[in-house]
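Can you keep this structure in mind? I'll have questions shortly.
Chain nomenclature is as follows: A, B, C and D, assigned in order of appearance, with residue numbering initiated at 1 for each chain independently.
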Amino acid sequence: MTQKIRTAILGASGYTGAELIRLLMRHPHVDIVLITADRKAGQPIENVFPHLGGEGLPDLMAIDDVEWAGLELDVVFCALPHATSQRIIKGILHDTGHGFIDEMVIETPEDYANAIQGSVKVIDLSADFRLRDADTYAQWYGGEHDALALQKEAVYGLTEHYREDIKKARLVACPGCYPTAALLALIPLLKQKVIQKDGIVIDAKSGVSGAGRSLKEGNLFAEVSEAMHPYGIAAHRHTPEIEQELSLALGEDVLLTFTPHLVPMNRGELETIYVSLEDGKSASDLRELLQKQYRSEPFVTVLDEGATPATRHVRGSNNTHIAVFEDRVPGRAIIVVVIDNLVKGSSGQAIQNMNLMFGLDETLSLEQMALFP
Amino acid sequence: MTQKIRTAILGASGYTGAELIRLLMRHPHVDIVLITADRKAGQPIENVFPHLGGEGLPDLMAIDDVEWAGLELDVVFCALPHATSQRIIKGILHDTGHGFIDEMVIETPEDYANAIQGSVKVIDLSADFRLRDADTYAQWYGGEHDALALQKEAVYGLTEHYREDIKKARLVACPGCYPTAALLALIPLLKQKVIQKDGIVIDAKSGVSGAGRSLKEGNLFAEVSEAMHPYGIAAHRHTPEIEQELSLALGEDVLLTFTPHLVPMNRGELETIYVSLEDGKSASDLRELLQKQYRSEPFVTVLDEGATPATRHVRGSNNTHIAVFEDRVPGRAIIVVVIDNLVKGSSGQAIQNMNLMFGLDETLSLEQMALFP
Amino acid sequence: MTQKIRTAILGASGYTGAELIRLLMRHPHVDIVLITADRKAGQPIENVFPHLGGEGLPDLMAIDDVEWAGLELDVVFCALPHATSQRIIKGILHDTGHGFIDEMVIETPEDYANAIQGSVKVIDLSADFRLRDADTYAQWYGGEHDALALQKEAVYGLTEHYREDIKKARLVACPGCYPTAALLALIPLLKQKVIQKDGIVIDAKSGVSGAGRSLKEGNLFAEVSEAMHPYGIAAHRHTPEIEQELSLALGEDVLLTFTPHLVPMNRGELETIYVSLEDGKSASDLRELLQKQYRSEPFVTVLDEGATPATRHVRGSNNTHIAVFEDRVPGRAIIVVVIDNLVKGSSGQAIQNMNLMFGLDETLSLEQMALFP
Amino acid sequence: MTQKIRTAILGASGYTGAELIRLLMRHPHVDIVLITADRKAGQPIENVFPHLGGEGLPDLMAIDDVEWAGLELDVVFCALPHATSQRIIKGILHDTGHGFIDEMVIETPEDYANAIQGSVKVIDLSADFRLRDADTYAQWYGGEHDALALQKEAVYGLTEHYREDIKKARLVACPGCYPTAALLALIPLLKQKVIQKDGIVIDAKSGVSGAGRSLKEGNLFAEVSEAMHPYGIAAHRHTPEIEQELSLALGEDVLLTFTPHLVPMNRGELETIYVSLEDGKSASDLRELLQKQYRSEPFVTVLDEGATPATRHVRGSNNTHIAVFEDRVPGRAIIVVVIDNLVKGSSGQAIQNMNLMFGLDETLSLEQMALFP
């Protein structure tokens, strides 16, 4: 690749934005030409994230001041809040000279490829394009979606399961951190019908960076440290996202129990998933199925029997560790998944998708091993 | 009470031992006359726990050097490892001049009261007398029980549910930390048959002090901090203890799923319990039942709808907070329980039992509010 | 004492306010009749601090809605921000029917005692009345003092060194957390001229609760955890306070170096103090002098040679641990002091002063031992 | 470079060993052909460090089982305890067919180059070859040095100040973590005589990984978390190392005060250094001098006035941040330095040296940015 990918990062003052910069600065084919942060507009990045300074990044801009046409962007990473994302992405696609798919006649993959030819590609890290159903979006996110055509066009960016679609996509909606871990474990098991769809319980635990950098009392050090609590019980917005993808995998509606907890650590996400086996299936069957499924994946490891996942083994890396355990209760199994919520659960997976979208080696800039201790 | 209770603490160099001292030193009716720690024998307590120094405690002794007869002990707290506990407790009861109950004719409560009259009372914090069945003990703890008569005599020290038995007991087996939290939530629900006995899942999270002060690589700061992982999946020794008490409460065998996790905090335990409701029952019914059950309990609070328990709200205190949530999945509910594993989950509950056994106000020396932040 | 002390806590939604409540709720002679928090007015305390609920506290009020006259308060703890404190305290003293000292003829202690007879006593935890000099206050706190007469009247609440004055005071200005630790170590050494006044370096480290509960990015968990940094280098407002008291102790101006650091822990404060010895003096001399000074103090322990202070040994308690070490550099010594910043460094010391002001045993409600682990 | 550097890591079960592997596995010119760990001999690395598994590393060996001759090693990283290191390194140099320098006639750099031609290069991370004086070693490390000729030959591996010597060396002694930070700040200042040699105070704070992975009660999570304390006051072994290098830089003996503290974080080291300026010098002079000194260094950044170093800004990276502050006390300045103790303070600097020794770009495999949050 002779020319670098001209890259923008919108929302660069949050943790996912910072993580995108950290990883992309070492990407051999990426050139970051725009970083935005409305409340920090005009400042150098080292004012906001001193660890990212001294590398020649452009100063932060306000989104409304960006002149999109002149930037000749190849890709935009959008790390903005939901609702804002849809508005901005719609605008960018318009301002960079592209109409919307629904205004064209798209009947074949070739039509689509032609339609988006030359368009900037958009990788959205918000929740705005994850849900495929407009009503479900409105119900869980408290308002109508403002870019329905794009919502339809968007490809769900769970790399290991939508790789071919992602390669051809213009707009990729990166999964939430909790769905990433849950779906990597459960999609193959439901698709192959080795577990029952009823009674799935996902007990999730996350480090505090998952809550972002916004100022909330509940995220203060003295509130979180030396403490733990669940939140959003039976009401977390990642639930319909998990159910959507599992229902698609199985071909039937899946309804499940999902409970996230806040853990006093910066990074890391662990999900303990309780499932009922289909008749005649064992925990070993599940393990073997997952090992076969992910054998050649660079970022998913299914552990051998006896090994236990721990968040520290994936800290700072794009890796996923999955293990399956036989329960004492007959006919039941326990699956444990760990990821780094900011890498595989967010910015790392987004870059993995970018690599795919530009025909690059999927692991570029994501090769680093876990930082332990 | 004019005379102080002459008290011994065996195993005073561990965290539960230290916690007993911390609380009992401020008990108006307790006089600590013996503290033991074999590997620290001969040393003043401040060498082992500087925060407990300067209070006039006796130096640590080796257990084998203790002359039990002369101490005129009223109560012994035993914070020794399992297997050791049974041997020591058997010896103490013998050496302080009391035979064993099975060598006497015990037909009525009065017989028992006469038999133990004048005996030292023993409050065991180990696992040795928690399981009522000798085979179950042998199976889970890897060896025959060495004091079967005492195993039968022991009263299970879950204060809120065995209060009357504890008052009259000579030997109380304090529950494990995980069982304490689980049983306070589940016993009333199973007893009243508002939840189903099948499919109960207890996802438990504990601070690191639960692992004790022994030197294991997995308990080093750099291994645990900024990290989280499950352990003892489907194999933790607290499982048969929980099942035993729930089976007793229900009158039928209960088999359940229990998964503990290690969380980077010193203290605190949180259990997220997933249950299926009996037909026609709702989460509100469960909440009301529990609120009614514990209304007059000093150390159990069932939160109103909408409030979420957090370990920081009970840190350092003997309190239990329980909340019930309706799940999105019809017919299912989620129960969250928090305790401080070293207080209500161990030393605090032990002292609560001691207060009962000596006819004192149950809250003595346990009144302190949670230490937050 | 037959009647309870009618007590108000202003600024009860911050950490020092919560700590006052935690401790005073167990005080045998205190009745909390008013708690205020402007932004939480009308709410029960459990909304703001769930660990303090269920104890029958009054709901939070806005300060401006309080009718002071009718409350018949005996004491007011003021845990408000500086500048606000002076305005509110001035108003309270006025509204509860007392003039100001400077409007009266005060020539003898008896005059003062008469003047304040029947007045509500005020214990201020803010910085407003700590500095004795109006210009120094204006210089470091960015504005003129609004209650100069009260500033003069206020007694500096470092209990161990101003005990007699505190007993007779109407208005006590509790020291800052950093000054408390520094002054307990240094006042006796400078007063007795065993160390030199020049070249004193105080390197201070504090847990995050010292920064309060206000929403600042720098106090977010993900910023502070697994991290450390200094702040306010050569510019922290506790510096003139330390210098003021040391200058008074010595009778000469003291100018020193003070650098605070933020440490990823909730509570705890450690100061490492570097001093030059006066000719012929040794570290042992300093230790002996301090041991003699504090021998009968309930809350200051000077450790024997070889023992090292650690914040965990005083966590949650009102204790101070001080140790003196000989440096390798001839003529120099190193002094280490630890306190819990929220207890001895703030609310605990305030209550210690209250006990004095009401003729009570100084240790009431402050007897609890450190919470470790 | 066509052929890979055949590399051994001795002591791979400790944290510095793991960090060497983490970084070297991504080095384009390194092939790790031997990893040793006596107590874990025969095991795959994933048993010891699961985060390093799946990369095709050889199994761990016991050192005594290694057949050095056949390995054709190019470089050995020695992460063994002191005393052991000298014995092993001496043996390796002998067994791989090289005599010792003192048995040859070495009069010119060319003689030395000839003598070590073809020899395996050794990069030692222990303390064994840091001290240049045999007596000082014996005094601080409790025993005679067993490889005095090698002690003389060894080059002190503070890259930025001994670059040319390191390039030509056979044996490099990497500095301790504390000396690395202290010397980077102080060597230029003393060499240029802008600060006084007397009265230097280094107040150092380190994360817990600096204490290694060995089982000590003081390193348990529940002892360290939510706590802080100093250790080795006036007696830490890094003191003579710092003094040695500063004395060399200045040409006069330097004696200073050094106090390390343990901080509840995994990684990170911060030193607050208090110095007296030479007449006429200011903090700005120091800052300018350091900025000039390190302008072209890839891993040392001297911050502009107003910026404050924080360990989180260098976490996981090989970077050093230094800042200079003017003190309020005339004639004094405060210097703050941060590094990651496991990277620049240990394994990263070792690799930086390896790159130099093999004529490679100094930054290879050390380019990653800090991991924040």
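Assume contacts are C-beta pairs under 8 Å (C-beta built on N, C-alpha and C of every residue); 3 or more make two chains touch, one makes a residue touch a chain.
A quick note: this is a predicted structure, and the numbers were derived from the prediction, not measured.
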| item | value |
| --- | --- |
| Remotest chain, chain D as reference, centres from CA atoms | B |
| B-C against C-D, pair bridged by the larger set of C-beta contacts | C-D |
| CA centroid of chain A to CA centroid of chain C, Å | 48 |
| Chain B and chain C: spacing of chain centres that average the CA atoms, whole Å | 38 |
| For chain C paired with chain D, centre-to-centre distance based on mean C-alpha positions, whole Å | 42 |
| Junction residues of chain A, two or more chains touched | 15, 207, 209, 222-223, 225-226, 264-267, 310, 312, 315, 373 |
| Contact set on chain D toward chain B in their complex | 15, 207-209, 213, 215-217, 219-226, 264-266 |
| Interfacial residue positions of chain D with respect to chain C in the complex | 199, 201, 203, 205, 207, 222-223, 225-231, 233-235, 239, 255-257, 259, 261, 263-268, 270, 272, 274, 308-312, 315, 325-329, 332, 334, 336, 338, 373 |
| Complex contacts: residues of chain C adjacent to chain B | 15, 18, 22, 25-26, 46, 49-52, 54-55, 209, 225-226, 266-267, 301, 307, 310, 312-317, 321, 342, 367-373 |
